[in-house]
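Please find the structures below.
Next come two complexes built around chain A: one with chain B, the other with chain C.
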Partner chain A sequence: MYSYSGKCLVVDLTTQSTRLEELSESLLSSYLGGVGLGTRLLLEKCPPGAGPLSPDNPLVFASSGLAGTMVPTASKHAVVTKSPLTGLVGDSLSSSHWSLALKRAGYDAMVITGMAPSWVYLFIDDDIVHSRKAEHLLGKGSSQTEEAIRRDAGDNRVRVASIGPGGERLVRYACISNDSSRQAGRTGTGAVMGSKRLKAIAIRGTRPISVWDLDGLQKVCSDLYARSQTSSTEKYRILGTPGNVLVLNRLSALPTRNFQQASFEGAEGISGEHLAECYLAKVTACATCPIACEHLYRVQEGPYAGLEMMLDYESLFALGPLCGISSVPAVLKAAELCDFYGIDTISTGGCIAWAMECFEKGLLTANDTQGLDLSFGNPDALVTMVERIGKREGVGDLLAEGTMRASAQLKGGSEHWAIHSKGLELPGYDPRSMKTQALGFAVGLRGGCHNRSPSYEVDMSPGVDRLKAEPGRGLLNKEKEDFAAVLDSLIICKFMRRCFDDFFAEASRLYTLATGIKMGPAGLKQVGERVNNLKKAFNIREGWTQADDWLPPRMFKDPIPSGEATGAVLSEGELRMMIDAYYKARGWTASGLIPLSKLKELGMDDVVELMKGQRNGAQVHPLRG
Partner chain B sequence: MERKYIHCEVDKCTGCRICEFVCSAAKEGRFHQELSRIRVAHPTPAVVVSIACRFCENAPCIAACPKDALTMSGENNTLQLDKARCTGCGWCIEACDFGAITVDRSTKSVVMCDLCPSLPQPRCVETCPKKALSLSTSEAVAQRARDRAAAKSTES
Partner chain C sequence: MECTVELFGTLRQLMKTSEVKLKLPPGASLKDLVAALVEREAGLLEGVVDPKTLALSVPYRLYQEGRGFVDDLGRKVERGDRFVLMSVAVGG
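For the complex of A and B:
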């Protein structure tokens, strides 16, 4: 076995002890790494029914067989835990130098359990693990935390993943940031880290990585580097993901003012094209990424002059159109504050947009907002609210719980416009005008997500009527999810996906060249199905019920009012029909459960044992954990 | 022979470090960024550049070496190390303004760019996905700068 170390570092913060566990070749080749390996370790280490913010919930970091090699975009890691937003599997990816450091310190995975007696950070110096006091780091953002730790270490090879003040205060959608500008953004992994009183994980990883066939790997990678500079990645290289704004706006799929509209009159002014012309300062890349999608924008004038910030489409949509904001500097400032407090930009934007609609409808008043005019389109309100969420101050304390819990508390019909699935706020694709994506959001295993269920690609394919629901979308969504799970476990960035001519053939070859482990195209493809069944198995054990696979009321009651898809809306019947087809395509029961035979077919006999202690869904509190 | 070195166009460099990966693979047979002969510096989000030995005309590392282990010679006019003399003391590293020299603890001597003399072109230049790296002379770099300045001066 090459590239992999076969080692998992287990840190118990309660007892301040560490141990190494072996990861067998069969386990690694079944789940690869990333989301797959991480979920497998979560299922094993998480006691059934553990509270997401309890010491029992393990926080898993998973590397991969390709990380640390020259495989394009493979410098990534996954964070997997039980999500404080959904009470189900929470998995999130991040990338770059910290990912390399984890692998090069000699670990394919790291599991953190327990809760430290007082705030600490871990310093992992290859095989030596220190726990250090972190009181002096409290209140610092991720960049400041990283700077302080590196200054103390006196070595810029020390890479840091940390939580900000939002994670310290258990904002349910807090993220874990690394290398200043990368985040494991979604599902609240940072709140779990905060609940353990763990401020940061600093790693100096200095081990070389050897692969099975270096010459073979170099040939395939050089070819992929060349393909990564062609039209297959043009969108990411030239405008970056903000290039989506005008495309989705034209399709009536750009969620605006909390999904009250699906196109935004200010779209031109916040478009990728406008940003490139007026704000672009530099284009950079994650480690080992030949594409380079990171667009650094600089504000030249006004109150935020001098601000430099990277921004992708999802952050831009959530802090822009979703809140009715058309001021680029305000969006950049809000994104900077999200990074400082260490909170997910999508959920933050979703929560603020929900609150703005509550304000519009009189459910929240100036009394509740300490006099702040929380109207859609008010840039100062946006920026102020991000800070209040990060500090859990005033109404920010309510919003820090996420839209599902905040609407359950505020009531007054606000559940109607709490735009989430399973508690995870929806990303920037309107499901009413993209019906395959509607299915993907409804059944998404980590909640509403375009990355784990990237079926917007189906809707945007030639010959597909995106406004129509058909049973065939069930299988298409399954295939998109399984492909994503393979990418997320290998790990290869989604932005590379179009650079492969025959993905499963080429990627399985890359895997073998790096690890020496035999893997064919069919075997690799099956990993995707295995990983998604594993995630589903965890969810079932933790109390998933069929009612969780659904979308917010607005999607069925409020048609899109304007634009190309005027009048588009979902019917409950058509969503039910697509969900039934999806369960069938997965080989699940009509109520969405996994038959034992399916687990056996996928070689997951060991998972059956780990499913014991399954919670009775009926007894689970609706807002789990 | 005119001095050649690896030149990095800062506008094109994205800081991906693929150069570090392929250099260490070529020289060490495995991926080991610290032993790459070309290294990326990325001190602030907007500032990034790859740096390898520039084979200075009046090289401070050669002057600094207490064992006289370094010379500028060979077919490519590159920095040559007499390994038998090198003690790995690292004084050359302190003398270098570019951080282009590294101690290899396994061999107890220093390593630096040799322009891959056995290859048609240096591995990093061949691989850089953004074509930010080139094997250049100071004169060639200056010519390109003059051309850019000229183009700018005639812009309407």
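For the complex of A and C:
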């Protein structure tokens, strides 16, 4: 094999031991890497019914066949585990130099199990794996942790992935950060790392990565690099993803004040256009990325003067309009604190917005908030609440559990505005004015997610009535999900997706040129379907029920009150109809289960064996783990 | 007849305005509307509008208020129609 090492490093923190396991060419070509390979290893290594924060739950880091090669934007890795937020499959991507280091150290994947007797960090020096004491790192953010470990090692080439204080305190949506500013952000992978008393993973990877056809790969990649500088990526390069704010606002799709509105009167003031004009300091990129979508903003005056912070659309929406905040410096400060504590910005914003609505409706009072005025639009409240969540202080302790658990605990009807699917807080697209995306959020295998079910693209297509639900959306959502699964397993950044003329033909060729493994367009396409069936198989084993594929009550009861989509709402019948069509398009049963024949058709016979030990759904629902 | 085109993102930067009012002859089509935009800003031909067909390049799209995303350049434009020219390269 080329590019792949065929090796998986398994670390047991309980016994402080390591071993190497072989990954066969057949397994690697079936799941590619990233989310696909990571989920396959999770299914194998996670005992059925394991608590997400128990030592039994494995934390899987998966590289890919393209990582470490010259393929643009392929310096990525996936983190896969059983999510403490959803109790189902949790997967998240991150990128840049740590991803390269993992591959160069000689591993296609790393599985961490058990729990260390006291806080440690791992230092992986190619073949040699050290477990080192980490008490002195506790309480540090990712940047400080990275600096400290590099200083100890006396080597700036050491790359570090770590958790912040939020992960140490098991905030259920804690993330794992690497290279200071990159995060595997969603589904709470950082809480799983914290439950293992593992503060960081430092890697010094020095091995070369060989590819099967260097000249051929170079030719194709040169062309891709050129295409990455055309109009297909212009928005990402010039404005970055904050350029989405005004577009979604215009379409009544910008979730505002906890989805009470879908357009924000302060949108212009926090738009990508305004940020570029008044705050932009620098544009940067992940390793091997020619697009450079990361925009660094600087606050010039006021209490946060001097603050520099990167911001993407999802962080901006969640800490801005979703909380009714129109102060750019406050949003940047809140994002900086999320990075320091190592907590997901989308879930953090979602939880604070939920609490603000509880405050508005009198379910939470100043007594509960230690005197804090938790009104929508209060920038100081936003910043204070991020800190309290990161420290699990006061009501922050409740919010650290995520909206699903927090609303179940607080009750009082607050479930109505707990905006999540399967426990994962929804991202910045209002499903009432984007009905294909509504389906995607409802059936999403890691919970409501625009990256795993990117069906907003369907809603933003000519000839599609985004305000209408139709059975045909089932197949369209399936195709979007399968395409996303291929990108997330190869791994290629989604911002490159429009740079291909014929994605499956070109990407399968890239894969073969890098790995030497024969792969055609049809085979690559089937990987996407295989990966999503694998994720569903894991979910079924861990207690998924049909009731989990649904949306919060607000989406059915509260029409959008103003803007282009005034009056838009989703009916239960519409969503049920689209879900039925989706199950049918996937070849699943009417109740959303996978027939054995489907697994066999996808060459997943071995998964049948791994499905044994399926749990009784009643044991794990609704608050799994 | 007059119609309006709202601009967002890089298009707003390119045309140095957030909104353009266009005067078109009766019976004008979407293609005429795009041509009028190009006449006002030739820079649109660099990556936004195909110089030969006047079709919008990926990922730019026209949204017509009250009707949705439109791509049929033969579609007739009515007096008072309001359009949004945007990039749908979202995500992130």
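To be clear about the criterion, the second predicted complex is superposed on the first by the 623 of 625 C-alpha atoms of A that agree within 3 Å, B and C clash if a C-alpha of one lies under 4 Å from a C-alpha of the other, contacts with A are read in each partner's own complex, and residues count from 1 in each chain.
Basically, a residue touches a chain if its C-beta (ideal position, glycine included) is under 8 Å from a C-beta of that chain, and two chains touch if they have at least 3 such contacts.
Bear in mind the structure is a predicted one, so any value in this text is a computation, not a measurement.
In the superposition on chain A, A:Thr206 makes contact with chain B only, while chain C stays out of contact range. In the superposed model, A:Tyr225 lies in contact with chain B only, and not with chain C. Look at A:Arg466: by the touch rule set out above, it reaches chain C but stays clear of chain B.
By the document's definition of touching, of the two partners only chain B reaches A:Met70; chain C does not.
Contacts of A:Asn451 after superposition on the shared chain: chain C is touched, whereas chain B is not.
With both structures placed on the common chain, the touch criterion links A:Leu296 to chain B but leaves chain C unconnected.
Contacts of A:Gly272 after superposition: chain C is touched, whereas chain B is not reached. Considering their complex, residues 14-18, 21-22, 24-25, 28-35, 42, 45-46, 48, 127, 129-130 of chain B touch chain A. Contact residues of chain A toward chain C in the complex are 230-236, 238-241, 243-244, 246-248, 250-251, 272-273, 276, 293, 312-314, 450-451, 454, 456-457, 460-466, 494-495, 498, 564.
Every residue of chain A that touches chain B in the complex is listed here, in rising order: 68-70, 72, 100, 157, 180-181, 206, 208-211, 214, 218, 222, 225-226, 228-229, 281-290, 292, 294, 296, 298, 308, 310. Chain C makes touch with chain A in their complex at residues 6, 8-10, 12-13, 47-48, 57-61, 63, 65, 68-72, 84, 86-92.
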